[in-house]
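What follows is subunit A paired twice: with subunit B in the first complex and subunit C in the second.
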Partner chain A sequence: MNLNEMTVVKTAEAVNNQEISARYLIERTLEQIKNNVKLNAFACTAGAEAFEQADAVDQKIKSGYSLPLAGIPLAVGDNIAYKELPTAYGSAAFRKFKPPFSAAAVEKLIGAGAVVVGKINTGDMGFSSHKALSPAGPVMNPWKENRISESPGSAALAARQCMLALESDSEGSLRQGASSCGMYGFRPTPGRVSRYGLNLSSGSYDQVGFAASTATDMGITFQATSGYDERDILTSVSREAGPKPDPNKAPGEITLAFSPECFDQLDSISAKHLKQFQAKCLDLGFKVVESSLKLLPEALKAFYIIAYAEASSSFARFDGIRFGTAAEADELEDLYYKTRKLTFGHEARRRSVFGTYILSKGNFEQYYQQALKVWTLVRQDFNNAMANCDFLVMPVVSGAAPSGIEENDFLQRIESDIFTAPVSMACLPSLALPAWQEDGLPAGIQLVGHPFSDEILLNVAEMINTETIFPDTDKSAWEEG
Partner chain B sequence: MNYEVVIGLEVHVELHTQSKLFCACPNRFVPEPNVNTCPVCLGFPGALPRLNSEAVNLALSASLALNCKVASISYFDRKNYFYPDMPKGYQISQFFEPIGSNGFIDIEDDSGNPKRIRVGRVHMEEDAGKLVHSLAGDMSMVDYNRAGVPLIEIVTEPDLRSSGEARKYLEKLKSHLEYVRVSDCKMEEGSLRCDANISLRPKGSDKLGSKTELKNMNSFKAVEKSLEHEIKRQKKILDAGNLVVTQTLRWDDNSQQTVAMRGKLQAHDYRCFTDPELAPIVLTEEEIEKARVSLPEMAEARACRFVEEYGLPDYDAGVLTASRNVADYFEECLKVYNSPKAAGNWIMGELTAKLNSSGQEIEQCPFRPEHLAELLKMIDENVISGKIAKDVLEKSFESGKSPGQVVSDEGLLQISDQSELETIVDTILENNSDSVENYRSGKTKAIGFLVGQVMKETKGKANPQLVNELLKDKLKK
Partner chain C sequence: MTNTRETLEKAIQVIKIEIDPEERNILHDDLIQFLEWLKPLKALDTSGVTPVRFSHVAVNAFRDDQALSCDLKEVRKAAPNFDEGFYTVPPIIE
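Moving on to the complex of A and B:
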């Protein structure tokens, strides 16, 4: 059986029908990870604990159960707690740290039959490897030499080192990485999936999200993980399920909006592709309109001011006293300095320093409070833009997957978030889906929905039905099967 | 020079909840360190706070009891500073928008005139852990049992003008908070903590002088004493033409003086901002009204009612209503046996003494209101004498037996049988002919001695009234 291009749906079905075993899937997956270690997608891989889980799944199926994610190899972001494996937050001080609990989403995915094959390599304190150097180095893009992936889960997925990835999305790294790896990356409406267990840098913007290779897979994953969790108050909005998609709805009853300001922010090649994608939507029968997004540049600045401010405070807990590695020190202040130096890389330090500055006396009003005002305006701007449409279609990034990291160009890297960070700010669900290829590299678009329209959004993505293409690799553990 | 004293108090009160403010850990003292902890109150990455609604209800009741305006929407903010007892590196507090504001407490000033002390704000926050230093001084350890325990901070305007007023304010505050069952307010145990800001200014000036902050007072008495001490200290400095240095001072109970706290002098910049991980507290008009309506009758109103309804003297009514539990005890007793004056006297006298010596609280002591009622009834019905009743109370208090049980177990029934007493009286008269002589020669006080002898003979069980009558009658002959 060639599992090379199997989806979650088909694979789980095969496991549920006992055509293949979960154990077999995990064996193949771990081998595939070994086949392409230079991708650097994994911080650590599971061993015995994964096989134990897989055997438990097989056992359950033998005793008559059917699981929606039976045997699906799952990769989990290294800033998301999983008690069976070290959770390092991309930090040297946490290399061996096993948290005392697992994240809510991890529990739910395991409950649905998924098997954790490893922790994926987040950058410093969970920031994307595009933003932050991980002590382990950047995660590479399986499509092209010397290109990186902003989302390690999407890289692992495209390289078939997992079939599903759980990771975080704040300024948009998940959607960006999915886009540059030709995969689907989903940031649900805040509160639809519990973020208990995600190390929050920014409580305002950080969410858990998923990388998968089809919209249908994403739908199953979302269904398995969404819902109320008493440990995350944000999920109290999920006490009632979201509106269900109408299966009889034709594309002609759905309005997609494109924003002229987005075209203005794109390089000419990406703009050309987005125009073609717009034409494709018309061909598919969708209603297509224009909607103006006036505040993208302002939103981006306000986003970072707030994210930096929150990070400086959220990271204060990393003092070496309760968890992580503490540095040797003679006195308290020294302990703080040395431990934090050991714990944080460049990006976390940058956010701590800038965030502290932003919140300090004299700066608070002109930066932080001003940014909060902009935030309100940004939400209004999106509200207005969405008033006459069901979904916004936006670019994910301008251009293709970025090349490696140069430490000093952080402002430029921030600018690449101009399409994704404002969507996070507006608290809207957003799915990156593959849309075109240019020069051997894939790129995606974002489908942005109204709050709580997650299920409908994933359904419409199925209707758009772009084909998922995987990069060629020299060797695949899957083909041998 | 004549100075005016200006004092403002910041009081932290532990809310008496089942669990901590943002997690399910029990809010209870345990001696073993770090037992009542979880990923949330230890600040683990990935653990999220979730607000305890019981704490909000108590903070709401406290705000209303202190006559505050309650905010229909208030927020939790992060107050950022590093210290090992603060697990997250910030304290979750209410900085920008407290739950209660613009309240007041009415007290009497030093001359007994009514005075209103403004309460600027009541806000909710979480407590920190506790640092424990090894005896050798080479190690510091942290106990996070207390981290995340819900507190309210109650801040007065600088309206207090003497140490006496400060003490009266604290007593009133304690009474108010006890009445609404928000906290047990035990300063000695740390469930109520008080910091004081104090400055002096020339009488008539409306400009505030430079202030000092006093900390580490562990009783109301210590607050009063430390303020007195600080008033004297500041007066001396000002009289010498010097300026008071703004600083934080620690009250040292052993040496009975204030000591400058060691540590940094620089002002902290707490970089407060609203916590993005917590939703605002939203209270509707109906919820606030419902809480207002369900507030208990407070001490002052209850005292007035006690005077009117039970005919108690003002003083007794004041003492009996200062604590809600005492007032409840009193009224519970009356429900069983309606003798207000006697009940009040026994509560204020014997029972309070017994509670103090045994260190028990009235609501937990084994001598229940119905026991007191039974005791009072037995006295009134001459089953036992008042003197014996004291013993009965003591024994009942210690054993938890009802007074009736104690009386029958110990054979303490009052002897009111005339013939039985006559025999005893006759014997006493026979054996004390001197006193009989004295009485008959006009020294009528001698009868007291004779009564005493009868009581001694009967181990106090004789009905004293009857003994008196019998003696007088026989001595006349």
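Moving on to the complex of A and C:
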């Protein structure tokens, strides 16, 4: 059995049939992580607790249970709580912090048989490592030296250091990283998966999402994690049934829309590939139409005003009193000042300061209030664009994987979110899937659905059925399988 | 833009965070760039547009108010300073 060719579905089946054990899978995965530490995908790896979980899975299977994610090695974002391992939020101050609870999505995945192999590095305070360097440094892209991945889970997945990753998505880092690593990255409709245990910097945009190597794997993962959770009010929408997927729907009954404005925002190479992808969709039998998205640049600006404002508010809780690390201080005021210096990196300080500036007297109306009005227009823009189609097909980024964090280019990095942040703002489900390769680097497109069309969206991705290709990294730990 | 520096310094004070002078200058320069970048948004005609009030489609979802059990040992482990069932802070009254 060559584990290199195994998907989540096939692997769980092999574990359920007792062809391989969960313990064996975890041993191989931890070895694979050790084989490529230069990738820097993991903040910490599990030890005895992973083997205990794996043994519990093996025991359950011997007792006659069948688990949808039996023994699947799972990587969890370092801004998502898991009580067995430190949850550091990409901050030096939280390196040893163990939350007293696990996130709802982590609980559900473990309940479905997955085994946590480690916490994956995030940028400063959970932001994308493309925008916010954490003390751990950037997560590298396994496809090419000197390129980074915006999604640590996708990098780990592409390097076979896990089979599934759970991480957050706000402005689009998960989808962008999945695209630049040739993987699938899914941001579900807000409310479909509980955010309980996710460290929120922006309550309006942050969502729990997943990285996987096939659309089918993503579907099983989504099924295992979605649903009502009384600890997250947003999931109350999950009580209402969304549109049911129709397994018999043929591509000819599905309309995909491409936006001319997206082509205008792309570099010439990416635009050429997107055109080719459009032709592929026609060949597959989908109906293809044009739909206009007029407000992408404005949406991006409004997105960042609101994201900064919300970050400045939500970071107030890091005061060194209730959790984490406290700085040495003789006075309470001093405790706040010194603890926050210890906790926040440059990007978190920037977001806090800019957000407070935006919300200050005299600026609130012209920036924040204006952004909220533009948000209404952005929703209308997406509603109009999707009125005559089932799904929008959009780029994820223009160009290939980024080369790293350069000084003084923060606006350039913000502008790379022009296709992903507006989708987050419109509260729509979105899946990045592999689409093409250029100069040895993969790139993806995103399928954007109507609210609550998550299952149908994953079905359509299966119909498109792009082959997932893995980089030629060291796979020795797997090949022994 | 004349008051940008002053408002930035006030914002730092409101947040209660130590930021050294060199980084304050970087933040100031970045803020000027950011505000310049936002100019087209300020110019967009939004008269008559209702601002978004709720980011998500969820409306109030009520449930019974129940006290959840809490393991004090776990809370103590997560807190920087904890004593006799309370979080402790530096003295605030002399």
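Please note the rule applied: the second predicted complex is superposed on the first by the 476 of 481 C-alpha atoms of A that agree within 3 Å, B and C clash if a C-alpha of one lies under 4 Å from a C-alpha of the other, contacts with A are read in each partner's own complex, and residues count from 1 in each chain.
To be clear about the criterion, a contact is a pair of C-beta atoms (placed from the backbone, for glycine too) under 8 Å apart; a residue touches a chain by one contact, two chains touch by 3 or more.
If you're wondering where the values come from, they're calculated on a predicted model, not measured in any experiment.
Undergrad: In the overlaid three-chain picture, which partner chain does A:Q176 touch, first (subunit B) or second (subunit C), both, or neither?
TA: Touch partners of A:Q176: none, neither subunit B nor subunit C.
Undergrad: Between subunit B (first) and subunit C (second), which, if any, makes contact with A:R317: first, second, both or neither?
TA: In the superposition, A:R317 contacts subunit B only.
Undergrad: May I ask you to name which of subunit B and subunit C touches more residues of subunit A?
TA: Of subunit B and subunit C, the partner in contact with more residues of subunit A is C.
Undergrad: Now for A:F364: first (subunit B), second (subunit C), both, or neither, which partner does it touch?
TA: first
Undergrad: According to the stated criteria, A:E230 is in contact with first (subunit B), second (subunit C), both, or neither; which is it?
TA: Both partners.
Undergrad: Let me test your reading of the model: by the given contact rule, A:L198 touches which partner, first (subunit B), second (subunit C), both or neither?
TA: It touches subunit B, and subunit C stays clear.
Undergrad: Tell me which partner A:Y89 touches in the superposition: subunit B (first), subunit C (second), both or neither.
TA: first
Undergrad: One more residue to check, A:D330. First (subunit B), second (subunit C), both or neither?
TA: Touch partner of A:D330: subunit C, not subunit B.
Undergrad: Looking at the overlay, does A:T466 come into contact with subunit B only (first), subunit C only (second), both, or neither?
TA: A:T466 sits against neither subunit B nor subunit C.
Undergrad: Report, in rising order, the residues of subunit A that make contact with subunit B in one complex and with subunit C in the other.
TA: Touching subunit B in the first complex and subunit C in the second, residues 99-101, 203-204, 230, 233, 312, 315-316, 321-323, 332, 336, 356, 360 of subunit A appear in both lists.
Undergrad: Under the definition above, what is the set of subunit A residues touching subunit C in their complex?
TA: 97-101, 190-191, 203-205, 230, 233-237, 297-298, 301-302, 305, 312, 315-316, 320-326, 329-338, 340-341, 344, 346, 349-350, 352-354, 356-357, 360, 362-363, 366-367, 369-377, 379, 408, 410-411, 427, 451
Undergrad: Could you pull out which subunit C residues touch subunit A in their complex?
TA: On the subunit C side, the touching residues are 3, 7-8, 10-12, 14-19, 23, 27, 30-31, 33-34, 37-38, 40-42, 44, 46, 49-53, 55-61, 63, 71, 74-75, 77-81, 87, 89-92.
Undergrad: Touching subunit A in the complex: which residues of subunit B?
TA: Touching subunit A from subunit B are residues 39, 42-51, 78, 80, 82, 84, 87-90, 142, 269, 271-273, 275-279.
Undergrad: Please name which positions on subunit A make contact with subunit B in the complex.
TA: 79-81, 89, 99-101, 103, 195-200, 202-204, 230-233, 309-310, 312-313, 315-319, 321-323, 332, 336, 356, 359-361, 364, 368
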